[in-house]
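Shared between the two complexes below is chain A, which has chain B as its partner in the first and chain C in the second.
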Partner chain A sequence: MYKHRFVTIIAFITFAFIFLPLILIIVTSFNSADTISLPLDGFSLQWFGKVFKSRSLVQSFKNSLALALVASFIGIFLGLLSSIALVKKPGKVSNALLSIFLSPSLIPGIVIGYVLFHFLVVKLQIPLLFALVLGHLLVVMPYCVRIICASLKDIDESLEEAARTLGCPPVKAFFLVVLPNLRPAILSSFMLSFINSFNNIPVSMYLKGPGMNTLPYAMMNHIEYNYDPTVSALSVMLMGMTLVFMFIMEKSMNSQSLKNETVRSE
Partner chain B sequence: MKTTRYFFAVGPYLLLSIACLLLPLVFTILPSFFIPSFSLTYYTDFFQDSFSRGIFFRSLRLSLITTLICIFIGLPTSYYISLRPQRRRQIIVSLIMFPLLTDAVVRGFAWISILGKNGMINQFLMNLGIIEDPLKLLYTDFAIVVGSVYLFLPVMISTLTSVMEGIGDDVVEAAYSLGASPRVTFFKVIVPLSFSGLLVAGVLVFSGTISAYTTPTLLGGNQNMMLASLLYQQSNTLSNWTTSAVIAFIMILVSLGVMKLLNYLASRIDKRGVDHV
Partner chain C sequence: MSFGELRDIGVSYDKKNLILEDLNLDIHKGELLSLLGPSGCGKTTTLRVLAGLIETVKGTFTLDGQDMTHVPVHKRDFGMVFQSYALFPHLSVFENIAFGLKLRKVEVPSVTKQVQKIVDICGIKGLEKRFPKQLSGGQRQRVALARALVIEPKLLLLDEPLSNLDAQLRVQMRTSIKRIQQELGISTVFVTHDQEECFSISDRVAIMQKGKIEQCDNPETIYSNPACEMIARFVGFKNFFSLDQKDLLGITLPAKIQQAKLVCIRPEDIGFSPSGTLRGTIEVRTYLGNSYQYEVNTPAGMLTVSSNKTPACEVGESVSMAFPADALVFLER
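Up next, the complex of A and B:
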């Protein structure tokens, strides 16, 4: 291997730049001082306790969790339906539909939030909660369609044909042959949908009702008014959740496709 | 597959796209062109107002700076990663993707703790006696750029790494055996061969930065607004529908425009035969 001193130095600075801020949060969340500061005062778990004592954080966590689960489940079900149609009937119509289904990821999130709010809530007076679910469905749609479509195209069609020629009815062939092969794709689109819905701010911000705050927005408010390690502690817990998700995704799909799919998450 | 079945299957998402994307976009943005007959007055007003014009150009400028920094840091780092053995490379890439999957608020919060008035950098410099009063680092354009680079650097690195993995060892060997130094090889062989990936990642970083809301709001504050925070302020706080529609349309235009432009550039480059990904 040839030595690249310049490349190596920059790479290590970059790694420090990427990981130090996260390490800082983890370290200060266990610190007993009530500001985010170094050197450390002493070990304490009080900030983790404070997270659970904050009613707004706990409630908004539950809201975000429920919302992300609902959006991801419906999103994947519909994504599965439309992906099958798009892959089974290739052509101009399917291509056009595919780009329509992927388009929410090309439009700035804040614009989506605003136009949804303006049209659904202000103009049509649709209940906020319903609009919120629709908005999040729009957020997860591109992930569900793209990943499941790509995976469906990769599945060898002769497998399904073999099942059919052996007398298996179409529906049964789908459940016994196609669906098991789609498992990794479904799992990873679920994870990405969940993460993107759970972390979404722009859409939730416009469509949250008075009693329906989501966690990222509640955290933003919390930071504005109190600057203490409670948010660090909460962040550590969220990072733990992300880590578990990443682990499952790594197990279920190769890192190449993971890389390709995670690029737009803000 | 029968046509009725086909439309039944794609129906829900098609309906969602029409009712929750197409119609809202049309109904929200179209009125900004009519007062009541077709006119671009709202748009010329936007650019004549020094406040909104300033925000527009700040957004463009900061996004461009962010993209350039990501490229300069991303190129060597990705090259370093692409030279590692496969197993270690996978681990590094997964680690780099980790911040991308964490909440933007968490990442913004980390930088508030570092750049803030009582943040790490100020504490450190004051303890050493280098400065007496804390530096104003947070709520500046600098903070927005740092936060945005932090946000999108993983995108740049992962895209470039996968392109660089595809560059054959033979090309690099050829350069070395012809007497090129590692530095020359990097600048004359690796960088040009990564150009297509650079364009793709550049678009993602640029359009990501210009449309981001959370990070610029947390790190830039009210004095250093970007387009997304201006849109939120105009629509939610001031209920100023036409101005909001103007901003929304400009944001769509900029991010789609940049994408189209660079796609065009990329296709031109491919035609010249530099494609190798």
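Up next, the complex of A and C:
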């Protein structure tokens, strides 16, 4: 394989830039000192324990998890329905609708949050929890529509027709033939939706309220008042969670792509 | 009454232009009927009407005395092979073939037996566990055929099934299709734009143009007696004359021909002979291997003549040509 020293150096610097801060966080989270500091004082797991003792962090983690799951599921469901409509009836109206579906990803989150706060919370007096779900739905919808739409367009229309000629009623044909082939698209929409909702600060910032906080915001609050490694420990756990999440996704994607492997015979 | 009948079928996508106009077609029991024509002539549309995938604006479709016009696709019990094969990518070859049987709630042992039988007939034994992506084009074709046949359809519909295969495999596959079709005695409608493919395996051919069937007959009849100029050109007639020129050519109109607009003849049927009725000068000579093809300039226009006469005529040579009466075809349109 051809290797160029310059390319190697650039790659090394890039990886260092990405991973060094993460490694520092991991190292400091095991430190026994009261602040995030180097050199290390001694090994300790106390900060991991502290995370579970902090009621605001635990509660906001549960909130964020539930919010991300609910928003992703609704987003995928609506994304699936709208993709079917957009792909089945192509034309000017569909193109315009697609742009509208994708627009929340172009509008700054801070604007969406602000607008939703005024409209949903101040004007319509909608409960905060519900407003948060709606706000996060706006955040995740573009990913779901974009990914599922693209994948649905790639699926040969005659698959459904073939199923129908073999004796399958139209709706059943969708479930038996189209949906299984959308699985990779649905999985990756879920992954992107979940991560984007879980990470979101700007929209949550406006719509959170007493007793209804999200994890990223709670973490920001925490480090504002305490400079201890609790948040480092929490970050390490989140990284671990992400790794497990990605591993599961990768596994289920692989079992799909195995079928797509081309074997030459004859 | 025929086994299958399309009567006065009209199809329109935009409610203004008719894709099919008053189309009539008979399908005989157990035959292989081909729909042949240039792209955009409505042959695939006709097939989709048969399958029930397109709504008609008028007309009826009956099969075996049963009105099928408004029967939904999934209740028709027809097998269809799509141009893209449309194999289900997430199912194995076995599951693909068993798909229709499972929907019919056939018992598992019986499914296995029926799939096994059709797999043998279609020559895809040993591939049952593979997925469609792991098959070659010809194998996919056979799986698609097996999947359509296993439900024992009343009618088999093939939409350009050979167009995605390479030339050699195409010849091999069309013979297989014909063999399987005869073996099972299944009435089949085959859509194609390839004239050779169509004539070689069909019992009857319906030639379509602009949403209408121009001629529907057995291949031999179409070959020797084309119904119109388009079909005549399609099957190899190259020399066309209007009837005003008949004295110039030295031919007479047979008594049984009532009215005709054109007369035509194949290049190989025109003979060079000293007693010929039309004289002309050879302008171009091309070599075809077993014969020469000449472009001859005559008072009746430019003629294409092929002849294996030796020694070959030279460019610039003056020749006289004869038109055998039995090789002339008179056309009404």
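One rule holds for everything that comes next: the second predicted complex is superposed on the first by the 240 of 266 C-alpha atoms of A that agree within 3 Å, B and C clash if a C-alpha of one lies under 4 Å from a C-alpha of the other, contacts with A are read in each partner's own complex, and residues count from 1 in each chain.
Rule of thumb we're sticking to: a residue touches a chain if its C-beta (ideal position, glycine included) is under 8 Å from a C-beta of that chain, and two chains touch if they have at least 3 such contacts.
Worth saying up front: this structure is predicted, and the values here are computed from it rather than measured.
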More residues of chain A are touched by which partner: chain B or chain C?
-> B
Counting only touches as set out at the top, which of chain B and chain C does A:Asn181 meet: first, second, both, neither?
-> second
Please indicate which partner A:Arg55 is in contact with in the superposed arrangement: first for chain B, second for chain C, both, or neither.
-> neither
Figure out whether A:Lys88 sits in contact with chain B (first) or chain C (second), or with both, or with neither.
-> first
Partner chain(s) touched by A:Leu166 [first = chain B, second = chain C, both, neither] | second
Doubly contacted chain A residues - partners chain C and chain B = 259, 262-266
In the complex, the residues of chain B that touch chain A are 1, 5-6, 9-10, 12-14, 16-17, 19-21, 23-25, 27-29, 73-74, 76-77, 79-81, 83, 90, 93-114, 116, 118-120, 123, 150-151, 153-155, 157-159, 162, 176, 182-183, 185-186, 204, 207-208, 210-215, 217-218, 228, 231-232, 235-236, 241, 244, 248, 251-252, 255-256, 259
List of chain A residues in touch with chain B within their complex | 1-4, 6-8, 10-11, 13-15, 17-19, 21-22, 24-25, 28, 35-38, 78-79, 81-82, 84-86, 88-89, 97, 100-101, 103-104, 106-112, 114-120, 123, 134-135, 137-138, 141, 145, 195, 198-199, 201-202, 205-206, 216, 219-220, 223, 227, 231-232, 235, 238-239, 242-243, 245-246, 250, 255-256, 258-259, 262-266
Residues of chain C touching chain A in their complex?
-> 51, 53, 72-80, 82-84, 86-90, 99-100, 103-104, 130-131, 133-134, 136, 138-139, 147-148, 151, 157
Contact footprint of chain C on chain A as seen in their complex = 156, 158-159, 161-170, 173, 176-177, 180-181, 183, 259-266
